[in-house]
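Labels run A, B, C and D following the written order; every chain starts at residue 1.
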Amino acid sequence: MGEHLLEVKNLRTNFKTSAGIVQAVRGIDLHVDAGEFMGIIGESGCGKSVSMMSIMRLLDDNAAVKAEKIEFDGKEMQELSRKEIRKILGNDIGMIFQDPMTSLNPLYTIGNQLMEPLMKHQNMSKARAKERAIEMLETVGINEPDKRLKQYPHELSGGMRQRVMIAVAMCCNPKLLIADEPTTALDVTIQAQIMELMAELKEKFDTATILITHDLGVIANSCTRVVVMYGGKIMEEASVEDLFYHPAHPYTEGLLRSVPGDGSGSKERLVPIPGTPPDLLDPPAGCPFAARCPKAMRICNQAPAQLTTVGADHRAACWLLHPQIKDMKGGE
Amino acid sequence: MSRYIVKRLVAAIISMFFLITITFFLMHAIPGGPFSAGERKDLNPEIIEAIRARYGLDQPVWKQYLNYMAKLLQGDMGVSYKKTNYTVNELIGLGFPISGEIGIIAIVIALVFGIPLGVVAALKRGSWADMASMIFATIGISIPTFVIAMLLMYEFCMKHSLLPTFGWGEIRHLILPVICMCLSPIANITRLCRSSMLEVSRQDYVRTARAKGVGEGSVIFKHMLRNAILPVVTYLGPLVAALMTGSFAIERLFMIPGMGRYFVNAVTDRDYTVIMGLTIFYGAFIMLCTLLVDIAYAFIDPRVRFED
Amino acid sequence: MKKVLAIALALAMIFSLAACGGGGSAKNEKKVINYANGSQPEVLDPISSNYAKTSIVMYNIFTGLTHINADGVAELAYADSYTVSDDGLVYTFHIREDAKWSDGSDLNAKDWENGFEFHMRPENAARSYDLKKYVKNAEAYYLGECTWEEVGFHATDDYTLEITLQDPCTYFLDLCCTYIPYKTEKMEGNPDWSKNPETYITNGPFRVTKIVDQQGFYTEKNPYYYNAENVKIDEVNFIWIDDEAVELASYKNGDINVSDNLSKEADETFKSTSEYHAAEKIGCGYLTCNTEHIEKEVRQAMAYALDRETLIDLLGLAYEPATGLVPFGIHWNGKQWRDVANEKDGGPLVTYDVEKAKQILADAGYPNGEGLPTYTYICKNTETAKAQAVQNMFAQVGIDIKIDTYESSVYWDVYDTEDWDIGDDGWTGDYDDPSTNLFLWEEYREVNADGTLKDARWANDIAKQYDALMKSTYPETDNEVRMETMREAEQLIISDMPVIPTFFYTDTFLVKPEITGVVKCYIGHVFFEYADIVQK
Amino acid sequence: MAKKTEMFPTVPEAMYTMESRDIPAELFEPLPEEEKFSEQINRPSVSYWQNAWMKLKKDKLAIIGVVFIILMTLLAIFGPIFSPYTYEQQDYDVVNQPPSAEHWFGTDQFGRDQFTRISYGARISLTIGIVAAIVNMIIGALYGGIAGYFGKKTDMIMMRIVDIFAAIPSLLYIILIMIFLGNNLKSILIAICLTYWFGTARQTRGQILSIKGQDFAMAAKVAGETDFQILLHHLIPNAIGPIIVTVTFLVPSAIFEEAFLSFIGIGISVPVASWGTLANDGMKVMGLYPYQMLFPAMAISLTMFALNFIGDGLRDALDSRLKK
């Protein structure tokens, strides 16, 4: 159809482990439009990274991915050969990972690793690639770029390395940038700088961005639309404003409560969500959050709720949204 | 870089000094000794004394030590006490090129077979190729060398007369010794390479490389193998030293006039000067190999700096 | 890339394998004998080494005044005639006038005198000189106690050599095999002479061409040998092979064609074939007892407890059970000395009889060995099989032993410490006379370097009687009397049993069928002078 | 296809969906607290070692290896006790017998029962292998750990000492120790224990160097743990995986070293025999009585196999990074 840059339907990803089959992603739908800055939020292990890796086919051999549709830029990704996928990766889709300390190969210079996708995808000569690499380093705010090119990752600080990673991801002007917890491993001040940089770059290149994080603060400052994941499923999907001011899912409410104020001085107490995430080796039949949900009903344990439209571009998967409840409430 | 090497060489010389001193006094702690009265009961005591004096053995140990060190500084390791018409330097000159030749060939073969086997096993983890190479690798380190040597000799020499049992100088003389010599290194390198490839394959930077859309060949050879090879490089230092200085079992069974036989024979013959000389040579050679490996390592891994 | 290399290498190996398979059987026109000569002695010259391995090489590259002929008997060689004085003390040899060194230079009587002098010169500390002590004052010269002029070994002109003996000797011509000349001008002041074929000048049927340490000693036919026209073999290579199993493989493989160190497997494999040869050797194996530690009765019980037949079977040897200390191969008026002596003694001196052993022990106050300590038995690490069988046999009568093994080269040092109870030993004589074996227990052999008697060895009253008996045979010229005296001496030593005889040695060796005329003499040395290779 | 269906277990059709309009009202009652966790199987939290054991249990080859080593150990302990023969008992009526019902592995040149001798040899060889490996691991890990952790001058001096000792050929120590202590199990054990720890020490040092800067070590330091606590409780356990792999190489090395000593004739004193001695003796009559070499050689090789399987299994099991 081409109306979305990336469209995923009913994506399921399972891992084979020594303990059995782990159902990491259990049927999610996603879409990103060109130029959109979307966030995916959830606790660790909720399947947010795995779903992205599934889309890009970066998972190990012990993973199996199945989807009705994974369409990127009008192409069905599942039909592409590995070779064709590789043409997209690094070129049309850039990716940034959580830990900048380990994401760069310690044995090669920054320049080498930065020029690699340029030479591969853009058929640039070495000299041209070098020029572009210097340009990119400048863009991501690294001083003395020509000197940095010759340095090895271990000679740079964490923040610098993440900038380099961003440069690597962005150097081919990708249509989509997937940032998997890009700031988690960084100091708070650096976090802010990196997020600023990403926002800046998004403006500059108009790249659609998927930001994966477990940090609501990061989402609040940059994203337009947010997907909340839990237990391998999507719990809620909404614009940033709706999510923060009108959360429709008890899990989202819980998440919001667990975050300290945004620094505006409010002394709201931090409330952690009691309990632990479900075991995806043997996922619950009903809503994955039921066990921890303060508003859980009997039905929540019996069957999963589907995403239901709450408002414009706002959907949530919760039995509380079932029309019968409204009826009952109305009846009272 | 050169400063680093100089530093390491100085450290090596100091180590060598301790090594020589320790070995020297260890040797002299062994009861009995060369040209002792007991050994040459047929000789007149005066003649024995004269011989001992000729070798400087009549002097107190500390003086013998000083004499030895003084001569050693001039590169003279003395005369063999048993093979009295050979100097230790001559024996090393005879034995080392031969053991070294077999050793180098065995190392090259071990690398040429071991690394690909390990890589394939790691990449096809759980497949038949993995199983096969691991079984081969396990066999390689499961059978004692002398048993393998004997079995090969039995098959190729006794039953089928395909290969000579002894001799030196032609390729056919090399085949069996080299096979025996490289089996266990192949096995070790395969295992080492496989486990480090597996380790590396889980690294974030490999995922990064894939996310960049780099070709699989480049991912394997550029991003994985070079990292995975590091443990192999470390293993190579002692391996090169051990293989190039000869294996006694193989040299004895295939009658190769190499260093390994000189050493074991010297030890069992209590030929003190030869033991000393060969130990010093081994020591220096091992330290050299370690230094070379460290330098090579630093070239491969930029995280290792040339510092103390 | 790596894979390609690997495949290429594998292919290369297969090809070279195939190539070797093709060219396996050598079709040399040259007649080459590859003889496996065991482990390499440390030094390979006639002065510094007295190992049998060295002697084998020496006998093939040097020839003395006499030499062993194709029948294994000594006959004149470089001496073409000789005379003996009436008192049997002065031998005058005439040296062949056409004699030449292996480098073509003239060889005359002076070279013999120089050679003898060089060998006996004190500072050269020759390893073996037992057979040269027969010459008057030779030992004194060796010990630095007299001048060369006083020694009875002089060239009176270019072709005449006059040798004066200390005592008359009926078997002196046998000893003359070992009296060889040295090319001393190449050897004086050149301690390395024996490493280099250029300076290793000889006068035997073969001459040195190449010496490769730890691998082989290569010789070729010596064209200047006096009997060169009868030497058929072009090359004799003495190959050092440490391991008997490897030697067998090499023999089967054809890499060697005369194998002299037979493993049990080689013995059993070839025993019934024509390639298998056995030769009597004048040697006897025995266990030496530390007489200070083990009393006479226990020693006797041990001797009776040894089942020598079984021992030989177990070890897969071709030996004979020892019935005394003088082995087969020594003659008494043309008959086997052993047989004559046994007949006169009324049966073998040493037998196997467990009951008797037990009885002796019981009578001595050790019924079933009760009250006896555990004795320490020392042997070389190559002799452990024998040790274990002996241990078992001694245990049958209640004598416990503990086995300590040592590397061959260390063994003799340990043996000399006398810090043991039973020591494994053996001796092969040098000439056809019982004294070649019996002299071992004469008192002078039991003296420490400082001149004191070894306290632990056999040195009691019986030993003194034995010594006197043996000494009385030296000046004796009546052979019958000498033999009788030595028979008496043997009885005497066996009665006290300081040594327990085990085997009489037999040499077994393998020779490929196409090779003829390999002579192995009674001292166990191999001669290739008379050999030939006849391709069928 | 079968694999695919297995990878994606079919999710049972839910009884109700958001479209359902016939959901009984009681299902909308709040979920009682006690039922909240009923669905969830709270797996007991497992420790590192429990987890490792669970993983090891799933590794068939490793289990085969463990079973084999246990059997060998039992054989070593009980074989000589329950055998009707002793390792030194000679019987000249049955020399060089092939395997039979009376003598499972045949007899040797003195009619001694090979099975009994091999099981007795297991005592020696296994003791040497296992004791040497453990001692080497302990010495090596501590030594290397200390050098790596403290770094700087300490590291430099300690590693130079290792260099010096590693450069002295092990045969030299072994001979020396044997001269002073005799040709017995004790001296071989001491000698081998002294010679193999260098590799472990170097390796541990490398591991420690690479992980000592990581967060958990820093955290422990901040938490006020002493250097040795950090080393023993945090660093060495985290480096243990590769060390254990090295130690798997060590057990065979030690058994081989002993076999090599037997080969050059300075092994354990007769009539006691290790597997190495037995194999070496068997080698001399390989063509005639192949079983005399075959059985001891197989005992060595199968044990090596088993140890390697165990080592591989342990490595996978102990590797915390594999946890997912």
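In this section, a contact is a pair of C-beta atoms (placed from the backbone, for glycine too) under 8 Å apart; a residue touches a chain by one contact, two chains touch by 3 or more.
A quick note: this is a predicted structure, and the numbers were derived from the prediction, not measured.
Engineer: As a test of whether you follow the contact definition, which chain pair has the most C-beta contact pairs?
Structural biologist: B-C
Engineer: Could you tell me which chain's Cα centre is nearest to the average position of every protein Cα atom shown?
Structural biologist: Taking the mean of all protein C-alpha atoms as reference, the closest chain is B.
Engineer: Farthest chain from subunit C, going by the mean of C-alpha atoms per chain?
Structural biologist: Between subunit C and every other chain, the largest centroid distance is to A.
Engineer: Distance-wise, how many Å sit between the C-alpha centres of subunit B and subunit C, to the nearest whole number?
Structural biologist: Computed from C-alpha means, the inter-chain centre distance equals 38 Å.
Engineer: Give, as an integer number of Å, the spacing between the C-alpha centres of subunit C and subunit A.
Structural biologist: 89
Engineer: Just how far, in Å, is the C-alpha centre of subunit B from the one of subunit A?
Structural biologist: The answer is 53 Å.
Engineer: Taking each residue of subunit D in turn, which ones touch at least two of the other chains?
Structural biologist: Where subunit D meets two or more other chains at a single residue, that happens at 265-266, 283, 286-287.
Engineer: Any chance you could list the residues of subunit C touching two or more other chains?
Structural biologist: Residue numbers touching two or more other chains: 245, 248, 407.
Engineer: Touching pairs of chains, which are they?
Structural biologist: After working through each pair, the chains in contact turn out to be A-B, A-D, B-C, B-D, C-D.
Engineer: Tell me, which parts of subunit A touch subunit B in their complex?
Structural biologist: 56, 58, 61, 82, 85-91, 94-95, 97, 99, 102-109, 116-117, 120-121, 152, 154, 165, 168-169
Engineer: Which bits of subunit B are touching subunit C when the two form their complex?
Structural biologist: It is residues 32, 36-48, 50-51, 80, 82-86, 91, 94-95, 109, 112-113, 115-116, 150, 153-154, 157-158, 160-168, 171-172, 175, 252-255, 257-258, 261-262, 268-270 of subunit B that touch subunit C.
Engineer: Inside the complex, what are the residues of subunit D that reach subunit B?
Structural biologist: 156, 160, 163-164, 166-169, 171-172, 175-176, 179, 199, 206, 245, 249, 252, 256, 259-260, 263-266, 276, 279-280, 283, 286-287, 293, 297, 300-302, 304-305, 308-309, 312, 315, 321-322
Engineer: Would you mind writing out the residues of subunit A in touch with subunit D in their complex?
Structural biologist: It is residues 12, 14-18, 21, 23, 26, 64, 66, 275-276, 278-279, 282, 284-286, 290-293, 295-306, 308, 319, 321-325, 328 of subunit A that touch subunit D.
Engineer: Could you please specify the touching residues of subunit D with respect to subunit C in the complex?
Structural biologist: Those residues of subunit D that touch subunit C are 88, 90, 92, 95, 109-110, 182-183, 265-266, 269-271, 283-288.
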